[in-house]
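Labels A, B and C are assigned to the chains in the order they are written; within every chain, residues are numbered from 1.
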């Protein structure tokens, strides 16, 4: 529903009291409001929706998941690799089909 | 592009699909909630590559589709006033109200402009103090913070000629409504990654628990989506109904607190009508009293009358995952993206529109 | 089915909409509903980018086009370069050697003369470079607010060499589709300059005269069935037109479509598909499969064709439809759009 694209913050400036980052998407630059990601620094990636960064892309987390996915690909799923997700409480499912 | 291209890697998608194939032993009905995810499934043909046992049904997560026709009628009416400049996102310009869309209003002389960002809407208001700029602001949890920021910023600057015609919807109440229905076939959900980026995971975890249904947060690229589906299938096969986050590079458990704060500063939760689904309690956002002077529906007395949907349209059932667009007798005949009858045909993200654009019967899809 | 009424679907038919000029479905409908019934004749009904006329044993190509671009100036060109290149290209893709152009100007009261001068100088420069002459013209001025600064109409005449027989209905199953270079640059360069679009890019319009390239392609001896320049509506619309005219299917390989990082970035950000973005210096040729390599090699020798490559093939299946094979091997429909593509948030 919501088109959000990762881009790299190349510069940060103040404009009308709003923190604006110059964010690079492929070959273009777009000014993006960093109001919702005040901790982001130049060089990091943000996920941008309608001109606002809605999150900082977690590089370490992306790396962790990516290496698990790659491992899965290499093993072609022969061995039970732990699924790269964060899970929480476990409950029995409501509906099951025979 | 980093964090985009690698998640479209065909080999990885195939490896994940093969793993789903090996995991699945019986039929499961899964719903991807978000229209963006539907778009990815259709665009890459993922539903053809999934094992036959995994049926994907498409959820109500397209803000353009679910924006009530009454709001569009209102927008058209306001746009046609001589003192008003109506600005909105590109997607909204062709969404038909009960009479016409905003493009047609423009053809009748209305000053209608497209913006990419709410900040552009503010820029237009600043540049044209002689006009009243109304921003038709729609969206789910993802877009609400940006729209809220426009109001907040307008207040900070003391802009007098700017207001919001707002129609915001919230995902969890719609999913709860769906799950509460006895006809619901969905056994697992791919939760909308960008909504959760803003809103966090708590409500989805609670739903997984309360309704004993697995919910996995998924991203929007093929690898992300297939990964989420794999987790769902694994849970279902193991008899677990848990919550999981398979989009961790963007989604944290708490979500984006800064974005949440600006939303609750400007908006409050209210009942909301969904096009194609009717009114759902506490499923929308309205502008708080404090910001009433930026609320177009208060400034210009608004009475929303939601037009009735023609009987032929099975949109409500499609949005609940009960039927497919191709089950509808109007699909592709009287209902097309150019002439939409139902909400799901309205936006490119809607299930009917995506089906119409990317898939049609009698098309040979094998080499 | 007569019971199905559609109270929501009043797409305005009583007035002209912007979409009627988009080159997509609405344009085709307007032509079918208004122009063809009135003007229809065997030459018009061929629906080529140019009319082919036989006069005293000589074959001429004749075409006209109006240029209404906002903004008037953009990276890589201005309305004047489009007005010359566009009309030359409509002749060139018919296999003609462009010779003469007309130029008619509709000027808005209050337009600075310096602006007009810049546009006119550009036109002369482009025409001279292409070896065509602007031999007749007209000027009208309208009241302030009646047009966007300048509208230009150009018409062109070219000579079709003996033996050249190109038409959009000539594509046959087994043929392949060749594209001359990367796509979407013109459309994105224009979009970057528009109000409400705040992105910055180095990308320049690909506006160029294609007649030297088309002449080189014809000289290669490859069995070319037809050529088209994918302007409004982009590669997707052009392929649809060929598929419909020839009653064949066209299957494009997604991975083979060259897209520069600027165009890709803008399209990802705005939710657009590069296949629908306008080009002003690219062409698509349908050619016999066995001659494809020869044709592509000949194109590589021209600076406008260095990026040339095979992008798809003509099939007997799915006549009238364009399909696209994704990198995953699945197939999806590439439809004709009703309107110009619009940026989306979702």
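Basically, a residue touches a chain if its C-beta (ideal position, glycine included) is under 8 Å from a C-beta of that chain, and two chains touch if they have at least 3 such contacts.
Quick caveat, the model's predicted, so the values are computed rather than measured.
*Asks:* Find the chain most remote from chain A, comparing centres computed as mean CA coordinates.
*Replies:* C
*Asks:* Give the identifier of the chain nearest to the protein's overall CA centre, each chain being represented by its own CA mean.
*Replies:* Located nearest the centre of all protein C-alpha atoms is chain B.
*Asks:* For chain A versus chain C, what separation do you get between their C-alpha means, in angstrom?
*Replies:* It comes to 38 Å between the two C-alpha centres.
*Asks:* Quick check: how many Å separate the C-alpha centres of chain A and chain B?
*Replies:* The computed centroid separation for chain A versus chain B comes out at 19 Å.
*Asks:* Take the average of all CA coordinates in chain B, do the same for chain C, and state the distance between these two points in whole angstrom.
*Replies:* For chain B versus chain C, the centre distance works out to 34 Å.
*Asks:* Tell me, which residues of chain C touch at least two other chains?
*Replies:* 198, 261, 264-265, 268, 344-346
*Asks:* What are the residues of chain A that contact at least two other chains?
*Replies:* 1-3, 5, 25-26, 49-51, in rising order.
*Asks:* Which residue numbers or ranges of chain B touch two or more of the other chains?
*Replies:* Those would be 1, 4, 35-36, 62-63, 89, 116-117, 119-120, 139, 143, 349.
*Asks:* Which chain A residues qualify as touching chain B in the complex?
*Replies:* 1-6, 8, 16-18, 25-26, 33, 35-38, 45, 47, 49-52, 54-55, 57-59, 61-62, 65-66, 69-70, 72-73, 76-77, 83-98
*Asks:* For a test of understanding, state which residues of chain A touch chain C in their complex under the given definition.
*Replies:* Interface residues on chain A, with respect to chain C: 1-3, 5, 7, 24-31, 48-51.
*Asks:* Within the complex, which stretch of chain B touches chain C?
*Replies:* Interface residues on chain B, with respect to chain C: 1, 4, 8, 10, 13-14, 35-36, 42-46, 48-49, 62-64, 69, 87, 89-91, 93-94, 96, 98-101, 103-104, 106-108, 113-117, 119-120, 124, 139, 143, 222, 307-310, 312, 329-330, 333-335, 337-342, 347-349, 356-360, 363-367.
*Asks:* Which chain C residues qualify as touching chain B in the complex?
*Replies:* Residue positions touching the partner: 1, 3-12, 15-19, 25-26, 195-198, 261, 264-265, 268, 270, 317-318, 321, 323, 325-333, 335, 338-339, 342-346.
*Asks:* Considering only the defined contacts, which chain C positions touch chain A in the complex?
*Replies:* 192, 198-203, 260-266, 268-269, 271, 344-346
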